[in-house]
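Structures follow.
What follows is chain A paired twice: with chain B in the first complex and chain C in the second.
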Partner chain A sequence: MEKEKTRIEDIKRNIYDMKNKDESSYKTSSGLTKEIIEEISDEKNDPDWMREFRLKSLEIYNKMPMPSWGPDLSGLDMNNIVTYVRPNTNMKHDWNDVPKDIKKTFDLLGIPKAEHESLAGVGAQYDSEIVYHNVSDELKKQGVLYMDMETAIREHEDLVRPLFMKLVPPTDHKFAALHGAVWSGGSFVYVPEGVQVKIPIQSYFRLNAPGAGQFEHTLIVVEKGASIHYIEGCSAPKYYVNNLHAGCVECYIREGASLKYSTIENWSRNMYNLNTKRALVDKNAHVEWVTGSFGSKVSMLYPMSILKGEGARCDFTGITFAGAGQYLDTGSKVVHAAPNTTSVVNSKSISKDGGVSIYRGLLGSTKNAVNAKSSVSCESLMLDSKSRSDTIPIVSAANNNVDIGHEAKIGRISDDAIFYLMSRGLTEEEAREMIVTGFVEPVAKELPLEYAVEMNNLIKLELKGTIG
Partner chain B sequence: MIDNKENLSKRKNIISKLKDKKDFRLNEAYVPTWKHLGLNNFHIKDYNFPEINEYNADYMDFKAEDFKNVYLKDIREIDGKSLTGYSSFKDATSVSKDFVRLAENGFNSGVFLKIPENKILNSPIRLNFNLNSQNPSVIDQNIIVAGPNSKITLVVDYYTEDGDMEVFHNGLTKVFAGSGSEVNVVKVQRMNNRASHFDSNMAEVEDGAKVNWVTVEMGSKINVTNYNSDLKGQRSSADIYSAYLVDGDRKQDLYYTTNHFGKESTSNMIIEGVLKDRAKKVFKGNIDFKMGSSKSKGAQAEEVLLLDPTVKTDTIPMLLCQEEDVDGQHAASVGKIDENQLFYLMSRGFDYGEAEKLIIEARFSPIFDRVPAENLRKFLSEELRRRIVNE
Partner chain C sequence: MGKKLLEINNLKAEVEGNEILKGVDLEIRKGEIHAIMGPNGAGKSTLVNTIMGHPKYVVSAGDIIFDGKKINDLKVDERARRGIFMSFQYPEEIQGITVENFLRNAKAAVTGKKSGILAFRRALKEKLKLLKIDDSYAKRYLNVGFSGGEKKKNEILQMAVLEPKLAMLDETDSGLDVDAVRIVSEGVSKLRTEDNSVLIITHHNNILEYLKPDYVHILVNGKIVKTGDASLAEEIEENGYDKFKALA
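Our next item is the complex of A and B:
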């Protein structure tokens, strides 16, 4: 008898794939030249230091080679990527003022509803500019700053300038240099000393224009003893030209502070998602990354935590789901650079229908990292033999007073587990669904409820017949 | 002995090219990662490639009566043409293509072994390479062709008695394990702190055959080894048992790869390491499940003990997978010696060094036990004492 396999349905993309007519008010021409950078700078009314920074970054970009490892980026033709697209609106603080088609997009994505129900602040970026930004009065009273990056640069230069692209310098890699040259939009978050923000804030990035790039810059500063939960969502409709997302996230977490950074990334399947995220964690501070990578054609994303202060902690929980035509090269980097630092990395990946999912990790400890403790665990699930799943971790130690453990497993759903559940009265379909749900559960439980529901919808099981 | 002139001129040619090179990138990872970490290859700058002369001492040691029906020859006595049939392994990893070419065309020692079908050899053939002022360089090429259901064990020892002599070894061992055969290759490297040691090993494993690699790395200033096993056949298997001690200012780069092609193939890598003083070590291990290798299993575990705050260790355990129905695992643990164990042993009257040695020996012993030569096991234990307790 021919066996039929369990089908795990692909992510339903209908709401994400909805596209609006490209009605942007201003666009740079495609490609990358000094003139284009100047144009962006003019358009954004950059202060001089920023204009210089952009031009410097362009120089670095032109000098740097493409990455010599990882996914194939030859489909990415920088000459065809439009680096700056301004939507036909100014930034609003009330959803009713946001142009109809743009609001409709965010309505369908559930952003205003989520804001109403469970968020303390929301930013929404459409193409290159933030179109909506709002923060609850309560947060304003506490002195929390949450605004678009351009406003922050104009109004809070003292806070922004010393930190902007210091953690991820343009020399870091080619796409960091590109980001430095053409960045636009993104959010600035500043939580003053001792302020505990109980309700999460969220930025949603939407790329509508075809053949464009999105290069938002996010800068988060959590001062001494403060805490906040920041949520980032990304999506874009599918066009037949390749889009590029090369964002940059820099997080400064001061002594005793904590930041939780959750991302659900569901870019369309023509997106090159080459994003850089980095956190600098001071004494007794804590960073927690929760990341779900479902979309994009190619992803290279490895949130990095630098545990700089004694007793700093890092938790990373990630899930990657690669379907047909996707090459998702994701992972995490943790550098223990101080005594008594700890990190826990937990990564899961599922690949199906020819999708490629790769865990690439770095776990490093410097000479100072006395008594550093770290544990890394990676699990990969292959749902068919057309797909690929690789685990490429690096475990590095430069002093003997560390305790580092790394383990990884790769494989299929175990027949024993299915058999056990069936012996308890479940059908095979139920058993399988339970196992896959259980597989992603550690990530799901770290997400806010509506995101967990969204993720579970993304990984919906469709079962038929017996399973092989 | 035919030391044919052709071989000699080839060797001269290859070596003169290597001498010009100075800059070597060895153990190049076939799945590279972040370049800035410098772990994609082992980079040696300003390396002066030595002059390679003949190796004139006896190195083969075996019981003649056991090897009666076995084709066993000093590789130098074989016509170069009859070796060309054994130069496959196009995609195998190695120390470097240059180094393999040197061993294939410029060897000065080695054996060629062909074991007939069903022949079980319980006594090993041993190769003992004593590198000294008369014979400061060994370029060995060893070829083992195991017929169906045969069994053979090769034990190779590279050693120096003189602590100051600068010596050089580059080797290549190729194993063709016919269906149902078992091939054991045991390599012990205990050369001095001025030695250079490069060793590439490759195996092609047919249906139901098994290759066991045992590698003990105790010495050399630069130690670069590479093991590549291609599990071609159904139910083929390959294991690596590896123990290393790196101390002083020595540098070591190990790269092990197991490629699963056949169905139900199995592999294991067990690596026990100790780093001391200012030692630097990189270990890369690949388990690669190729498409079609369904129901295969591969496991890898590396444990690294760090004895001093000045050591540096990098481990890249890769799992590559293009097949759904497989089971792959790897684990790595890095840390210092368990203080409770030390404390317990010291409360029983051992001094610090002895206690440390005991704990390390306990880790190494499952691997040392696989060295089928009592004198070698004794040497290893003494060597461990010398390096851990006395120094």
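Our next item is the complex of A and C:
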């Protein structure tokens, strides 16, 4: 009897996987040479300082080796990745002016709806360029800046230049250097002193041309006493060529300010997701990371918080889901570099069908970090015996006055729990779903409703593969 | 006399190759309360878990007939949907799922119809009131951080929502203080109708003061050795099981 297709993620993925015929008007040739970088700079009308920055980054990139730890990246052939593709449109402010096929892509991803549902503004990225950007009038009145990165470089050099890739310098690692050389697109968000942005700002990213990489750069500055919630959600179609995502996020949270940064990532199964996110947290300021990572072939994601001011705090709540053929190496890094700082990390991972889910945490403190408190809890749920889950904590305390706690739990869904739920009429599948939904609830409750719903639906799709 | 609800004929069951139930006969009619008592290890919990369909307990002989249909081969959830309910001795903690959310899903599973959130919330409120359970429980995660007494009360709340035909209470009174036993028993009492039945597993007479059994069975060594009325429970309370152990 022919086995029925139970991998519903393949069937359902088609709403994410539609490809527009590649009409890209401009493509850099494969391979990373000085000429390519110059072409990119020309195309973007980079100011001289940025052109130089890109070229310097390329030099650094060429000198650095690939990382010697973590998942296997040999499937990435950098020369085959075309880094910059520009779609057939210029920046538009009105949704109605955006070309039809590009609109279709975003319609299916639900962006116009989100706009209507009182989100403050939407920056949508398509093939490395910001296509549509609309900042609500409310935000403009408050003096909040929200624009694509290229425009920010030109129009707000005074704000951007001193900060651009200072928190994540090109020397950090090979993919940061790559990013420095070929970055394209991304958002700049600036919240002036004392401004509380009540409605979350959200952005989408999407990969479309075969072999194209995404290298968006996001820079967020939250001035003294201000607050904002920034959400990013990603999706990419399936390809036979390996795709790379090496974006970079830098956040500056000044004294007494707060930033909540939420991400739902749903990359297609052949993506290498090597993103770098870092936040610098000042005195009495607060950063909150909320992450749901699904999809991709390989992920290496470790949002980092540097608690540099007294009383600074970071909270990290994350869930990763590794299915068949996936290797998700994620975690968080926190550095306590001031007194009375606090970090709370709550990381959950699920693996099934041979998926590998690794939590890698770095918890460090300097001599200044008197009376710092940290609690890290990582919990793994393995849905079958094929899957793998590991916890690799690295704790380095340079100061004996730091109260650091780490708790790791690895488990399976207990048969008794399944029996209990089934005894109330739930099928075995429903019982499993319920337990897994409950497991990720700490993340779901931090997300706006439509994201929580999308995440729970993603989980249900992923789980369907468990039967049969 | 009501119609037969549960009929067990010569039931033998084993766990990991060890035979625990060695031929149990039992008949429960609609509207009746039955109590099963017996020394530790007699197989009382095994009996109710086998009826519920726990995969760990393998039936090696005999039939379980519920509401006229043989249910030996039915899965746990199918039995639940037919109206069998078990109040667990050690209820599981389920992280991240609220009591309300869980009950709404369970009710939908058992009845085949999903009720709207608000409609269900109203119905749930009534049940909470009936059982003198504070409203705040609805928002708490299922059994997480509940005391023993709270867990048992929550089991009876589930019973109240799901309205089963047969409710099996597995040592619901163990670990409860005198007041809690009374509240739980009163709760069960209020749920009784002519058409549903209760099977109580207990060591003590206490709960049976509030839920007067029509029949009391003594289970020793995997077999029912004596069946009597409520007075049998009093006899056990006074004299223990020695007399009955000899019968096994």
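Operating definition for what follows: the second predicted complex is superposed on the first by the 431 of 468 C-alpha atoms of A that agree within 3 Å, B and C clash if a C-alpha of one lies under 4 Å from a C-alpha of the other, contacts with A are read in each partner's own complex, and residues count from 1 in each chain.
Convention: contacts are C-beta pairs under 8 Å (C-beta built on N, C-alpha and C of every residue); 3 or more make two chains touch, one makes a residue touch a chain.
Quick caveat, the model's predicted, so the values are computed rather than measured.
Look at A:353: by the touch rule set out above, it reaches neither chain B nor chain C. Within the superposed three-chain model, A:395 lies in touch with chain B and out of touch with chain C [touch as defined at top]. In the superposition on chain A, A:425 contacts chain C only, with no contact to chain B. Of the two partner chains placed by superposition, only chain B is touched by A:68; chain C is not.
When chain B and chain C are set side by side, the one touching more residues of chain A is B.
Of the two partner chains, chain B is the only one that A:403 touches; chain C does not reach it.
Looking at the shared chain after the overlay, A:157 reaches neither chain B nor chain C. Judged by the document's definition of touching, no chain A residue lies at the interface with chain B and also at the interface with chain C.
Those residues of chain B whose C-beta lies close enough to touch chain A in the complex are 31-35, 37, 39-40, 275, 289, 291-292, 294, 304, 306-336.
Residue ranges of chain C in contact with chain A, taken from their complex: 52-56, 75-77, 79-81, 85-86, 88, 91-92, 94-97, 102, 105-106, 109-110, 141, 158, 162.
Remark: chain A residues 67-70, 360, 362, 367, 370, 380, 382-385, 387-412 touch chain B in the complex.
Those residues of chain A whose C-beta lies close enough to touch chain C in the complex are 414-417, 419-428, 430-431, 434-435, 437-442.
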